[in-house]
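Read through the structures below before going on.
Both complexes shown next keep subunit A, but they swap its partner, so subunit B is in the first and subunit C is in the second.
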Partner chain A sequence: MRDESKNNGPLLEIKNLQTHFFTNEGLVKAVDGLDLEIFSRETSGLVGESGCGKTVTALSIMGLLPSPGKITQGSITLQGRDLTQLPERKLQKIRGKEIAMIFQEPMTSLNPIFTVGHQVEEAIIFHQGKSRKEAREITREMFGKVELPSPEERMNEYPHQLSGGMKQRVMIAMALSCQPKLLIADEPTTALDVTIQQGILALLNKLQDEHSLAILFITHDLGVISQVANRIAVMYAAKIVECAQAGEIFRNPHHPYTLGLLNSIPKIGGGEKRLPAIPGQLPNPLVPVKGCRFHPRCFFVKDYCLEKEPPLAEIAPGHKTACWRHSEIKAQSN
Partner chain B sequence: MTKSLLRVVNLKKHFPVERGMLSRLSGWVKAVDGVSFSIDAGETLGLVGESGCGKTTLGRTILRLLEPTAGEIFFEETKLNELSPEELRQFRARMQVIFQDPYSSLNPRMTAGSIVGEPLAVHRRAETKGKREEMVGELFEKVGLARHHKNRYPHEFSGGMRQRIGIARALALKPKFIVCDEPVSALDVSIQAQIINLLQELQEELSLAYLFISHDLRVVAHMSNRIAVMYLGRLVEVAVKEELFQNPFHPYTKILLEAIPEPGVIKKQKTGLPGEIQSSLNSPSGCSFHPRCPLAKEICSREEEPQLQEKEKNHFVACHLR
Partner chain C sequence: MLAFLKRSLWQRVITLFLISVIAFLIIHLAPGSPAEICPLNPKFTHEDIERLREALGLDKPLPVQYALFYKRLFTGELRSFKDGQPVLGKIWERFLNSLPLFVVGTILTWFLAFPLGIKAALKRESFFDRATTFFAYLLIALPAFFLAYLLIIFVVQRFDVSVMGMTTFGIEDAPWAFRWNNRLWHLLLPSILGAAGGIAILSRFVRSQMLEIINQDYIRTAKAKGLPEDTVYYKHALGNALMPFITMFGLVLPALIGGSVIIEYIFAWPGMGRLGYEAIMARDFPVIISLNFIAALLTLMGTFLSDILYMLVDPRIRL
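This part shows the complex of A and B:
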C-alpha cells in the first residue's frame, strides 16, 4: 500500500523550511531547514522534546504562525500548490477543508458557550456551504463515527459536560467532517489518561483506513508513536536528525539522539539499573550551536563534529540520518 | 514483623461540596476513601492511577498538608494525627515532598540559594549564616548543581534544573521519607532520565524511603520496590513490582498494564477502557470499578465495596471475583 502511494508522490512536501521568530531577545530559528514528505494513507510521526520546533512546523503548514514568527525560506507543497505563497484568503479555504488539525488540549480548542454539535455544524456550513439542517445530519453521522456514546444527546451538550477523551473525539469529528486529505494531530493524547489514550489512538487508526487520510502525528512520546506511525522523523533543535520507517527507527537507530531517547525510557521489567540518560540540557534557542547541534550532549562526539554540521543523508533506502558517525552507532540490546 | 517507617490505617479525606448562596452541603467528594499501607525505611512504594483518582490528595494527607477526615498515620510508630502544630513541625523535618511542577513550586522572588536555605533557617539547623551557606553549597553539589547557581532566580533555570532545586530543598533537613508527587511528569524524556537517576542515587546514599506518585507506569516500574494501584480513592491492588507485572490480579491493573504504549512494539488494536473514571462525588454502588470492568458480574454492583485482601503472600487485591 505504502509503495503504491509513494509512486504517486507525496501528498505534502516540505523543502528546506525556515521558520524564524524575530523576538526582542534576538532571532530564534524555530525551524531551521526542515525537509519532510507526507504520503496519503500514511501516518508520519514527528517526535521531539519541548521547544524542538514540532508545533511550529505544524503551524507553518497551517499558515497559523503567531507573530513574530515568519516563514523566511522554503516551500510547503500540497498537491502542486505552494502554501507559503498563497494569500490568506485562499489558505482559509484549504485550512479546515483539505488540512485539519487537532490539538493537545481539547478544552481550550472548543468554545465554552456553544454546544459541541453547533460548533461542528459551523465548520461544515463554512467549508461545504451546507444548510444548518444538512450540517446537523453530517455532524450526527460524524459523532457516530468517532464512537461518541449516544451521539444525538452529545450534540446538545456544552464542552464542560464532556470528559477530556470525549472532547478530543468531538475535535476529531470536527476535523474530519470536511473530509480533509491531511490531519495534523499535535500531541492529541498527551493530556489524557493511558486507558483513554489507547481508545483515541485506535480511533485514529480506524478513521485513517476509512478516509484514506494522511496523518502528521506530533508527539514527545516514543511509545505512543509506535502505535500509530508508519514513518517517524526525529527532531532536535529545529531540525530533523533522523527519519525512517517506524520499525527501522526502533530496531536500527543511527543517530545518537534517537538512540539516547530510546535508552532513556524506563522499561518495564528492566530492573533497577541506572537509566542511560542523555547528559546536559536542551539547547537555548537564542544561542545557535556551531557544527552538529547535538554535539554538546553526544557520547560519540569528535573534533570535526564541532566544526561542520552533518547533512540529513540517506544511509539506507528510506532511512536518513544527520550524523557524521552514523555507521558506528548501533542499538544496544538492553 | 519489622517496624515500618510509615504506616497508614484506613485513611480518609473527604471534601465537602457546597451549592448555592447559603453554601448548603450537597455532597462529599471522597478523594481518599479508606486507604491502608505501609512503607519500610529505604523502600520505594509506587502509587499509580489515572487523573482524579486521589493520588495527590493521598500524598498530601499523609504529610498532614491536608487534615485527614478519618484514619491514622504513624511515622516511626508515632501517631501523627494527635500531634500539636509545634510537634508536627519537628516531624515535618523528617518527611518532605517534591512537587510535580518545578515552575509553580519555587518562589520566583527568592534566589535558588535562599529557597534551599529556608528550611535550614526555619529549623535552625545552622549556627551561623556562613555555616548555612556552606550547607546550601553542599546540597547544590549533591543534586548536580554548581555552587555559583545559588544567586540565580528560578526563571533562569530550565525545568530539569528547577526540579533539582526542589530536590535540594527537600533534602535540606535530612529527611527519612519523601513524597515524590509526579516529580518527572513535567520534564522532557532526556531530562526525565537524569532526575530519575538522581533520585535513585540519593536514595541509596541517604537510605531514603519514597512514596513515588505517578500516572506513568513505566517510570513507577523503574523506581519502585512495591506498587500500589489506586482507583477512585481506594487501593485496588498492592504487590511487589515483579509480581504485579507478571501476575496482576485486579482487572483494572491488567487494563492499565495493557494500555502502556511500548516503544517499538506495535500492539494489537485495543480500544482501551470503556467509559471514563467516575466522579468521586457520587461513587457507584458496590465495587467502584464495576461500571467499566470487563469481568463485572451481578455481585459486583450488589455487594459492598470489596476490601483489600492478601490473596498471595504480600500480594493484596480488592476484587470480589479474585
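This part shows the complex of A and C:
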C-alpha cells in the first residue's frame, strides 16, 4: 500500500489553520489556530455546537471557502502537498478525486435539472478520463454499493423524484465514485430522520472498510459521533479544545466544555431531572475573548483563565486538551 | 402532456374571447364618438353626425356591432373609419416596417444582456461589475428621446449619413448596394435605442438571477466534484439561471405588435407604434380593436410557447 500507511503518519495534517472572513462588520476569525490530524482508514469526528467553525474547517480543506473568507495562515498537508499553496487548477484535480465531500442538506445539494446518474458520471469522466459508457457502468455499480433500490432506474431520475435519504446515498455514491482517500462528511445525517440516519451511518461504516477511506465526520450530535468515530476532536469558538481516541473522550474528558457536552446528553433511566445545560452561548465572533475562550461559560474558571489562553497540550499519550485546570476536572468528572 | 396542452389551449381560447369582449366594450365606453371626431368641421350639423354614425354602423346595439366587427375582422372586410382602407392591409404594411426594427432590437437585447449579466455576476464587485451597473442605471434613467437626439447629432456629424425615416428620400434608382447600405444606417439608431433600455434591465435580471444560483448548494457540490469553473458556471449554474427567462422570452412576441411610439416618432419611422397612436387619436375603432386583438393573441401564444419550453427544459415540470 501507500507509504503513509506504513509509517503511520497522518493522511492529512492541519497546522495552525487560520481562516478569516473579512466582513463589512469586521474581521471574523472563523477558524483561529486549528490543529488536526486525520489518519488513513480512520474516522475522525469533529464535534462542536453550531457556528463554532466546523464547516469552515471542512471548506478550508476543500479550498471552497465562500467570499469573503480566506486562509490567512497555517498549512493543510495532504501527503506532502500543502493544499493552501496549490493553485486552483491543481486543487480541482484533488477535489472529488482525492478528497470528496458530502453535505448537510441532501435536498438542495443535487442539481435539479440533471439526472442523478449524469451528475455522478460527470465526475468520473472528468477525473478518470473514462468514456460515457464506462462512467455509466461505474455509476451503476456505485448506486448498487450505496444500496439504492433498482440502481438502473434511479440513474435516469431527477433529484426531485428521490427522497432525502436516497439523495444522500446518491451524494455518497458521487463522492466515492473516484476512490478518494478522504471523505469529508459535514453533518451528513442532520437533515434526515432517525431511521434513515442509522442506514446512512451503517453504509458509511461499510464503505469505509471497502474503500479504506479516511473520514472526517463533522457533527454536533455526540450520539452519532460515538457510533462512527475512532478519534474525536472537540471544537469550541474556532479552535480545538480537546482531542483524543473516541473512548477516551467519552470516559475521560479533561476539558470543561467536553464535560458539559457529555453531561447534556439525556441518559436512559436518568429520571426526570432537568438536563444540565452549558450556560451562555458562543462568544460573538467579532469580539475576541481574552484569555481562555471558554471562560465566560466555565464552571471551573479562575482568575488566570481570564488572562492567558491555554495551549492544546498533550496530557496523556494521544490525548490533548486546552485547559489550565484539566487535572482537577478529571478528578471531578469521575 | 397532450392532455395538458389541449386543456391549456382551450383555456387560452376562452381567455381570448373574454379579452375581445372587454376590449370592445372599453373602447366603446371611452368618451368621444368617431362620428364626432372625424370631420373636425364646425359646420357639421347634427344630421351629418347622425348620418355618419349610421354609415359607420355605430347606431346599432353593441352586441350586433361586436358580432359584425369580428365577422369582418376574420373575413378581412374590416375597414378603417378614417380612410376606408382595409385594416388588415394597413396593419400588415406597418408590421413589415416594424419587423426589421424589432428583429435587430431583440437580437441586440438578448445577445448583449446575457453575456453582460453573467459576467457581472461571476466577477461580482469587480470593476466590470461596477461599470455595467453604472451604465445600466444610466440607460434606465436617461429618457429615450434625450439619448436619441445625442446619438443623432453624433452619427450625423461624425459619419455624415442621414438617419431619419426608413431610407433617404429619392434614392430608388441608386444601385442596390447603396440602397442597402442606406437602409442599414437608418435601421441602426432606432434599433440600438429600442434595445438600450431592454439591455440595461435584462442584464440586471440576468445578473441577480445568476448570483442567486451560484450561491446554491448544488453549485458547491459541482465545485466539490472538482469540475472546472467553466463547467460549474456555464453548465450547472446557467442552465438553472435561465429558467425564469423562458417566461420573458414568451412575452417578446406581443412586443411585435406594440412597436415604440417615441422612437418611431423621433426617427419618422412608419411603424406599428405610430399606427396605434394615430388610430387612438382619430378614434379609429377598427384599427384600435384589431391591434388590441392581435396583441392579445400574440401574448397568449407567447405564454403557451413558454409553457411548452418549460416542459422541455425543467424536469420538475412534466404534465
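Convention: the second predicted complex is superposed on the first by the 323 of 334 C-alpha atoms of A that agree within 3 Å, B and C clash if a C-alpha of one lies under 4 Å from a C-alpha of the other, contacts with A are read in each partner's own complex, and residues count from 1 in each chain.
To be clear about the criterion, a residue touches a chain if its C-beta (ideal position, glycine included) is under 8 Å from a C-beta of that chain, and two chains touch if they have at least 3 such contacts.
Just so we're clear, the structure is a prediction, and the values are computed from it rather than from any experiment.
Superposition model on subunit A: subunit B and subunit C are shown accommodated side by side without a clash. A count of residues in subunit A touched by subunit B and by subunit C gives the higher number to B. Using the contact criterion defined above for the overlaid structures, shared-chain residue A:T258 touches neither subunit B nor subunit C, since it reaches no partner.
By the document's definition of touching, neither partner reaches A:T84: not subunit B, not subunit C.
Within the superposed three-chain model, A:N230 lies out of touch with both subunit B and subunit C [touch as defined at top].
By the touch criterion defined above, A:Q168 lies against neither subunit B nor subunit C after alignment on the C-alpha atoms of chain A.
When the two complexes are overlaid on their common chain A, residue A:A123 makes contact with subunit C while staying clear of subunit B.
In the superposed model, A:L64 makes contact with subunit C only, not with subunit B. When the shared chain is aligned, subunit B comes close enough to touch A:Q197, but subunit C does not. For the three-chain overlay built from the shared chain A, the minimum Cα spacing from subunit B to subunit C equals 8 Å. The contact sets of subunit A with subunit B and with subunit C never meet. Those residues of subunit C whose C-beta lies close enough to touch subunit A in the complex are 215-218, 220-229, 231, 236, 239-240, 313-316.
Within the complex formed with subunit B, the residues of subunit A that make contact are 49-50, 163, 165-166, 193-202, 205-206, 220-227, 246-247, 249-251, 260-262, 264-270, 272, 274-279, 281-282, 297. Contact residues of subunit B toward subunit A in the complex are 50-51, 158, 160-161, 188-194, 196-197, 200-201, 215, 217-219, 221-223, 242, 245, 255-267, 269-273, 276-277. Touching subunit C in their complex are the following residues of subunit A: 62, 64, 66, 88, 91-97, 100-101, 103, 105, 108-115, 119, 122-123, 126-127, 158, 160, 171, 174.
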